[in-house]
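Two complexes, one shared chain (chain A), two partners (chain B, chain C).
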Partner chain A sequence: MKKLTKLASLALALPLTIALAACSGSSTPSAQPGGSASGGTTGSGKLTAWAWDPAFNIFALNEAAKVYQQDHPDFEIEVVETPWDDLQTKLTTLAQSGQTDELPDIFLMQNNAFQKNVINYPDLFTDYSASPVDFSQFPQGVVDYSVVDGVNYGLPFDNGTAITALRTDVLEKAGYTVDDFTDITWSDFLAKGKDVLAKTGQPLLSGQAGSSDLIMMMLQSAGASLFDAEGKPTITNNEALMKSIDVYAQLVKAGVLTEVNSWDEYIGTLVNSSVAGTINGVWILGSIQTAEDQSGKWQITNLPKLDGLSGATNYSANGGSSWAISSNANAELAADFLNSTFAGSTDFYDTILPSSGAIANWSPAGKSPVYSEPQEFFGGQAVFAQVLEYAPNVPSNNTGAYYYEGRDAVSAAITKILNGTDPATALDEAQKTVEFAMQ
Partner chain B sequence: MRVEQRRNLTGWAFLIPAALLIALMNFWPMIQAFILSLKTGRGRRLDFAEPLWYNYQRLFADEIFLLTVQNTFIYLIVQVPIMLVLALILANLLNDRRLRFRGMWRTAIFLPCAVGLVSYSLVFRTLFANDGFINDFLMGLHLIDSPINWLGQTGTARLVIILGLLWRWTGYNMVFYLAALQNLDNSTLEAARIDGAGPFKTFWYVTIPQLRPIILLTAIMSTNGTIQLFDESWNLTQGGPAYTSMTMSHYLFELSFQKNPNFGYAAALSYAILLMVAVLAFIQMKVGDKRD
Partner chain C sequence: MTRTLRRVPGYLFLTVAAILSVFPLYFMVVSATNTSQDVLDSRLLPGSHLIENFNTLVGSQDVGSAMSHSAVNAIATTALALVVCSIAGYGFEVFHSRGKDTMMSILLLAMMIPFAATMIPLFQLFAELDMVNSTFAVILPAISTPFLILLFRQASRSFPHEIIEAARIDGLGELSIFGRIYLPTMRSTYAAAAVITFMTAWNNFLWPKVILVNNDYQTMPMLISNIRAGYVTDYGMLMLAVLLASLPAVVVFLLLQRSFANGITGAIK
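Moving on, here comes the complex of A and B:
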């Protein structure tokens, strides 16, 4: 029996020890993530960072580290590839449980999610007020995404300026050039789009069904948004929104915009030549350029503007992201690193531009000759310089903390409108949905 | 100590570690989640709600939540019976000793279960894309003239999710039935045959009653799983169009991590799901368990 008792006590003790070890394991090593402990003089030490795209922002971060290492040989960076959805989930979980010591030094954040995160979880961030970054060298509209109560929380990285990219070979068949689509209104665009469709059988645009990206771009192009200055939803009686939805519905009904169901299908329509163009953030050029057989057949121009609306422009933005410094960072080192690369090195931007297509928001970078080089893929057009010309004209976008609620409610409304619901009714419902979510 | 007492003690000693772990890792968080469900506020600024059951009250006024309940129950009511009947039929067919390559058939039907939820959802999404295999196939047979927008319409989007669930889980349930069938006393089946019962009658009056406990088990497991369905809604349709294929768990995830985080409300929602699972399991036990 003695043996049995021993065995039993072992059975009791073993899993418990394992469990306890597992529990304590999570709290001990967290004291030094990102090596912020190594402090010392500025310029040496190791930073950890979260970003999501190996060909784009992670690549940029690693290149930035190389630039920074030239003056600070002891500097190191460790980038953890974290898809955006996961990054947001991680941030929320860490903030909610108060485990901010698990944060990396730097993380990248979608511009549209910035307000929400700063307002809900201010203890995730170190703001830029103590940093040397000169934010006046970035377009105001882009900086505004990450400003809360007059304080900067993000350093703008990639440019989300919206462009219209068009297939010149298709336009030519229909007797048009890109100039015919420059500085036009949406009604022109629709008329010409119908003509192109009739003559070539190709729609001008494609988009994900149930995604309101295009509508959001139209809204922003008129300086409008789904929220007023106090953050209250303004989905009903919103003239710009009504007009945008009307344009969208007409595009879909005329077949000038073809709807697909997923992002992959959307990219597919571009690279398979099933559509003759697209309207999106400039980062879409990266995907377009994967179709090497279409080299020389693309050009870009600005967006159509909404008809008869005061404040309507031909410029907008979609997406884009900014660097945040976490509350668990070696803040001085992180700020110095970002300031001397993303906000201070033309060499750096010159290196990342050709291979990743990451266009700077930092205005001095645009003066570099690399930006004005003609791009073969775009029929010799200097697309990067072109985009930098558009960027300062983009109106600010008031995202607020409830941006995603608003966007999704409007997406649902569009689906209903396209299925025959009266627009005003559908938007009233959307307004109610957002108001309910904000209660 | 008497032998019996000692034996009891040993039993407890074996039970306690696991019980403690379950209490610590499962029940304690559940209690905390319940407390959380009584709080309201965004992010970490959480306070006890006024009245305390505010979040639960809110559920009934939330049209998106009610829609997701409806969606989830459509999946449940359509998919679970079809799946279990199919699994029973398949199990019965594959239990036939005269069938050749039984091992291969069984493996083939069970195999979907070994596929990751995300990867199979993505495969289904590709299959049912506008220019996907299913549309190409149907157009090739001239059954349809233009591609069907499977995932873009409410009815077909739900259908695709149900098809996905059937493909993924039928084999899983079949294995339970197969195992149970192998434990059946063959003499009962022989007796039925001698008494002149055809294959259908044998199946209905002899096999099924003996499988009752395992049918109950699979019914409860499938109900439980379907009510907590997340991956298919998230990966296949993203809940669209306009929330009409979104499940409750998907909405819960949105509330916590994608929208302005409202953890109190999300916790209340998780308790609503728990309640539904519990009530349904209770009903099934009452209906299915004829032991007394």
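Moving on, here comes the complex of A and C:
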């Protein structure tokens, strides 16, 4: 019986001890982000930042810190690795609970989500109006993602310029070169795609079923969007959208675009050679290059443009991200840090390009010889310089506060259209869904 | 003979079902030893890149600290939850009254509120208590759950009240009755509750992600989420991380497997 009492008391005491030990973790006051930077002078102190890719944007931040430290030896940066989805969850929680003092000094934000966050949660941001950043050195189309009511809220970082990446070895078998896919229209692309499929059995493209990425890229290439200037949805009677959906449906029906179920499968189709190309933001090259056995077999070119539409171009974008300064920041230091590195140092961009593939949006960086170096993986093509040539031609994209709702509604409509629903009816429903969400 | 033959379709079905349920686990283990490209090619044979994947994983993420934070969270949550919920469940059943029954119904209704709805007020509460970024904030909301209280309450129904009466007559205090008589007899219920709580706590993602604003107390599910977040995912390394993260839950389950089954069936009685 005594033994049992001992056991019971142990059972009670043990968890308490653990709980107390666990509590001690909270007794250390959490590091105060920003605000309390030592001294008042710009350039010394510590910044905290949220970003999500150790090989890409976190790497870039740390390299930027090294560059900045050359002139400001007391400067420090602490990066908290936070995946984008989680970052959005955290921002929403902090904004809705009003706990903005938990925000870091700077955080990275997907371009497509920028306007939505600024419009819904203006309390999270410090704008760039007091900063020395010269936004004219960035492509207007990219800057526009983070402009709300004429005020800049984001400093563009990685380039989301869209490219068509193609397997030259497969094209060769069908008697084509990458030039045959440069500056073409979608009807051209479809015809050539059918030919390649017939001769080699390989589709030119793959995509995630139910994802509207490609359609959104087509739409932006014509300078169109799902919303008008006042932010009202324009999903119905949208000629560019109708054309894009039509092209997409034709690609799928002809088998030139094969639909897969998940993002991982999509990446799989690229690296295991089941398709001969892809159209996406330039960051997709990182995944393509993991297939080392395909070195020398890829090249890039611009996008096909929509037929018979005024304003249609061969250029678009998908993704990309910009740096935001939070409302809880040592704003002066944060702005000076970003301005001296991401908007002011060619050395910095030269360092990050070869090892991370992070292509600058800041135009002076593109003049560096590092960008014109031929890339072995892409058969000696200078892909980075190529992308920088496309970037200024990308039309602006009006994302607004309900971009994701619009995109989701259009994705649902595409699935219905591919299953036989009349496009006008499906888009009408999508329009109503978005209008309902906006009420 | 006919009897054996009659069993064939049943076994066949069970075999297929077993293969289907074991396959994802097999693929996880095998993929942990393959390169990223092999995983995307759906290679089903073990490879030789386990050490390489391990080195990349350890090189890019602080696995040791994530494992230990997950362990502290899961063990502390389980221990505290068992104490709190078993006392509550016992109390609701043994010291039964109309008011307590109403209280229990309210608790059960609380089970239906999704966590997403309570997350923001909960965050606000912890922020006002200055508890953001602490292990304590991760553990505290998980200590008392309506489900566990219900489990213990239902299990207590099968616990003979006569024993309690007899113990009272013999002069045993209420706490001793709970500690010396109830606790040892309900071992299998405790085991079942422990398995459930441990697994929920170990896999908990959303709340830790929100309340741990910086990554000082990062847990394994958060670490896996980080690996998935980059533009390029190393699938071999990812699978290894997933494997490491699932091992403790598997071990706990295997250790308590028999009692788990007894505890669950006992609770339904």
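Convention: the second predicted complex is superposed on the first by the 403 of 439 C-alpha atoms of A that agree within 3 Å, B and C clash if a C-alpha of one lies under 4 Å from a C-alpha of the other, contacts with A are read in each partner's own complex, and residues count from 1 in each chain.
As a working rule, a contact is a pair of C-beta atoms (placed from the backbone, for glycine too) under 8 Å apart; a residue touches a chain by one contact, two chains touch by 3 or more.
Keep in mind that this is a model prediction, so the values were computed, not measured.
Touch criterion met: A:402 reaches chain B, while chain C stays clear of it. Legend: residue contacts after superposition of the two complexes on their common chain; A:260 is shown touching chain B, with no touch to chain C.
Contact with neither chain B nor chain C is seen for A:310 once the two complexes are overlaid on the shared chain.
Applying the stated contact rule after C-alpha superposition, one finds that A:433 touches chain B and leaves chain C untouched. Once chain A of one complex is fitted onto chain A of the other, the partner contacts of A:89 extend to both chain B and chain C.
In the superposed model, A:136 lies in contact with neither chain B nor chain C. In the superposed pair of complexes, A:210 makes contact with chain B only, with no contact to chain C. With the contact threshold set out at the top, residues 1, 4-5, 8-9, 11-12, 14-15, 19, 85, 89, 96, 98, 264, 268 of chain A are in contact with chain B in one structure and with chain C in the other. By the touch criterion stated above, chain A contacts chain B in their complex at residues 1, 4-5, 8-9, 11-16, 19, 85, 88-89, 92, 95-96, 98, 116, 119-121, 123, 209-210, 259-262, 264-265, 268, 401-402, 404-405, 408, 411-413, 415-416, 433, 436-439. Residue ranges of chain C in contact with chain A, taken from their complex: 36-37, 40-42, 60, 72, 75-76, 79-80, 82-83, 119-121, 123-124, 127, 130-137, 139, 176, 179-180, 183-184, 206, 209-210, 213-215, 217, 222, 225-226, 228-233, 235. The touching residues of chain A, counted against chain C in their complex, run 1, 4-5, 8-9, 11-12, 14-15, 18-19, 21-23, 25-26, 29-31, 48, 52-56, 78, 80-86, 89-90, 93, 96-99, 102, 264, 267-268, 271-272, 283-284, 286-287, 290-292.
Chain B contributes residues 6, 9-10, 13-14, 16-18, 20-21, 24-25, 42-45, 58, 61-64, 125-126, 129-131, 149-152, 238, 240-243, 256-263 to its touches with chain A in the complex.
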